[in-house]
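Next up: the structures, one after another.
One chain, chain A, links the two complexes that follow: it is found with chain B in the first and with chain C in the second.
Presenting the complex of A and B:
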């Protein structure tokens, strides 16, 4: 038999309000059960966004208890900035940036941002719809979340959606000279556009060391770009002679 | 694989009466015997086949019975390139360069369905068999192969090594691509791609 782990009495009070989360008598969150497909209560952030950004918030959906807010791409950057900075929201974790293309050719592409507020225990999904005939671009949120770097690069690689403002928008999964297009688009054939021999020829002609050199992998030369606290820890360990070889 | 047991006994004569312990045999048999008994593998594991390879190398199946317990993570000290798992097209030049950095004589085992044929990944991203990039000596089928299957493949490779003849000049000759083509890499460039380390600093392709 397992019993719930006892909660230590000296747990410091959380700096963030937990009022929005259902909790048991110990303050531990309760996982919601029997959530209906539609009609579950929306994330309170959705109402805040609708009142603050007005027409830029197009509509809100709640599916299986998860809230999706459709916004315009012009307002997206301000909205994410608000969600990240506002003390009552504080979405501090960008879980994923991805895109969806539907088989129905008339449906627009959707770019999806998954945001999580760890303190408030909230989850919010933002979507921007991009008509296929228009220019495929959305603003980059890399100045708000550094972790958006590779997420946006992958999304650009796979769907061809440009993230305006990204400082280094290169392909991530396919090699940089890849010429066949963007593989997760619906019009991309599963086996690619070129013949097998042509694909192999182009792949073998790629130079993997052009960017990933030994110097790039050497942490000693990357020292200046490390966060300050990590630099300090490494410097302390170096002073005591505790560093492994190569560190 | 003792020198004087089984079918080998026809090739090896031991003079028990001589105090110095004379053994007479054919030179290529002796060379092949030494090579086949100490094939150092370079594991190139990219997927679940590598997990089965780890199981094969670990104590229950014990690769050291075949003289292969010394996994060589430097291609310069390896005899067998053991490609375990699917190879994406982006990794194709990397695999090719690892093969080029290995010194002769060298052999390749293609482990599993994906490395041999592309397997179920008949798509834009995966190489349809590593024999389109590098020559392969033994294909091990399975998804992934059990350790017994890999050991069977290793024993097949050992038999193949034992059948080589030193006179055969076509064996272990590597034909470089046409220097005018995109596929050609100068030997000096291949050398500088991987920084020499350990006791392999003098083992380079451009200066044998």
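Presenting the complex of A and C:
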């Protein structure tokens, strides 16, 4: 099982453990090598947050050189606002909003924010843990980062986590009438909840291309100018109570 | 006269040739007297209904580059509001990834941003290697840079070609697709596939370069800049091109950062954020290349930035060819790398090893990591969470064009309906990546 020419995977360039954002002695960015699983230096922002927000910062982890700060959801919005506005931090770039559900059913759901400070060249991960039995909500950060709009909507769509304060929290990737639940939850089977025939039936009935939401129709007061069959369909759905909020 | 002049001004031409003489001979009546062009009589516009109109573009529309649907509220021809609808191509890549071993996910990365398959493969391998805590050999590092830059070139070529078709120029499309074809021939010679390359493995590459491949790459690098410059010359100072791109969809630097834009979209707005420079990987800090930055943040700037990035990619490729070292492509780590085929079929231990690796899959330690690369569209990130089993708990794709597209209402509102096509094209969307 020995290979012909053993090659060192990566010779450590320096004895110091490197974090995922590495710099040489002049401070210019370099490719991190030999990032240890634990024990890399933490992002200094973590200490700032811990001293400023106290008990709202639950714990800090450094894994593979990336710093994760666990915070309470009540304080999350203030913390993100602080990170964004404080001149010494300036986390001006929201990379991603997503969530993680573990296979272990007892572990809480985690909502994850990836932030970058472009000027200071830092990377920080914020996490809020949501116990599965409680209500799944976190505050929205859309008033701080406008780019959070679709990221939060996707997270709501896929995990069912409500982002309180988002002005337009609708499904994004699945269509609005989708009834099977939230696909990235671990209790959602890979092939979906419904049978194939039922899925096909619902997908055809959804006919998302031909549909406008009532919100869109109201823009132009265009309801009266719709073709008769569409008007009738919308009216029927309204009569059966199928039109949900925002449609 | 005034109507004629207006058109000339709008097209950006002065109506004079190089000697300062009028391009068009003045109209003369029979007998030689100049015809006085009088202003057209002004007629009062008929009173139209002031209702706003709702217009639906897509999902099956050639200019939406896939299955994007835009619902537009129009006031006359001006867009008042834009509501994008996506998800028509959603196939649950992230969900499927939770049921696959790491190497088995790589074919899925081909299919999300399918214009950048080799780049996605490299990004995935980098992320998974961080999660496994392994590195890569020096040769693989350079080979991956070659892959990343080639895929940047082909992605930008498709962008430039299709955008020029959207805006009304067909010739560059054909020239550029010929160059793209050359890159696909190269990729086919290397990994055997053209579009869905699956070129990397965790800890190495699918295949080493075949003999003479670098000569093919050198030949491409010799011919490609010529085609590129010819095509750019067709567009750069073209009055129609400029008239349909300058000043459209402009985003200020602050807006662009706040909206999370990345890649050429962000750099056109004047923010010099490039993952290769700011958070380097694959030793990009040792390559000599420049990051172009725009000033206006409009469609025209995005065009200039992408063109310049192709030129810089050529520079990087030339450096990569010079420094490509010999050596193995896979790391020496039996936890990840399959034994050679001849051993697996002749030695018992190697066969068991092969069987266990294929059936059970390599297991990373529990942990998580986010690794981003500069894809042609912007910051492409893979976020892995592992619980110590051979399949990830969560595999998240951070799709750059998804975030870029989410800013489209801000970019198109206030512009004309016809400009929506140009602005949408300038985002460089790939719906496979947006819907995943």
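Assume the second predicted complex is superposed on the first by the 179 of 247 C-alpha atoms of A that agree within 3 Å, B and C clash if a C-alpha of one lies under 4 Å from a C-alpha of the other, contacts with A are read in each partner's own complex, and residues count from 1 in each chain.
Convention: a residue touches a chain if its C-beta (ideal position, glycine included) is under 8 Å from a C-beta of that chain, and two chains touch if they have at least 3 such contacts.
Everything quoted here is computed from the prediction, not taken from an experiment.
After overlaying the two complexes on the shared chain, residue contacts for A:29 are found with chain C alone; chain B is out of touch.
In the superposed model, A:66 makes contact with chain C only, not with chain B.
In the superposition on chain A, A:103 makes contact with chain C only, not with chain B. Contact with both chain B and chain C is seen for A:174 once the two complexes are overlaid on the shared chain. When the two complexes are overlaid on their common chain A, residue A:190 makes contact with chain B and with chain C alike. Once the two complexes are laid over each other on the shared chain, residue contacts for A:150 go to chain C alone; chain B is not touched.
When the two structures are aligned on the shared chain, A:41 is found in touch with neither chain B nor chain C. Using the contact criterion defined above for the overlaid structures, shared-chain residue A:131 touches neither chain B nor chain C, since it reaches no partner.
Using the contact criterion defined above for the overlaid structures, shared-chain residue A:204 touches chain B, although it does not reach chain C.
More residues of chain A lie in contact with C than with the other chain of the pair chain B and chain C.
Taken together, the two structures place residues 173-175, 183, 188, 190, 208-209 of chain A in contact with chain B in one case and with chain C in the other. Every residue of chain C that touches chain A in the complex is listed here, in rising order: 51-54, 56, 59-60, 69, 71, 73, 81, 83, 85-88, 90, 92, 94-96, 99, 130-131, 133-137, 255, 257-261, 271, 273, 277-285, 327-328, 331-334, 337, 339, 343, 347, 349-350, 353, 365, 367-370, 372, 379, 381, 383, 385, 387, 389, 393-394, 396, 398, 402-403, 405-407, 410, 435-436.
Those residues of chain A lying in contact with chain B across their complex are 173-175, 180, 183, 188-192, 196, 199-201, 203-209, 214. Chain A makes touch with chain C in their complex at residues 1, 3, 5-7, 9-10, 20-21, 28-31, 33-37, 63-64, 66, 68, 92-96, 98, 100-104, 112, 114, 118, 121, 123, 125, 145-151, 154, 158, 171-175, 183-184, 188, 190, 208-209, 212, 216-217, 219-222. Per the touch definition, chain B reaches chain A in the complex via residues 89-90, 92-94, 96-97, 122-125, 127-128, 132-133, 182-183, 193, 195.
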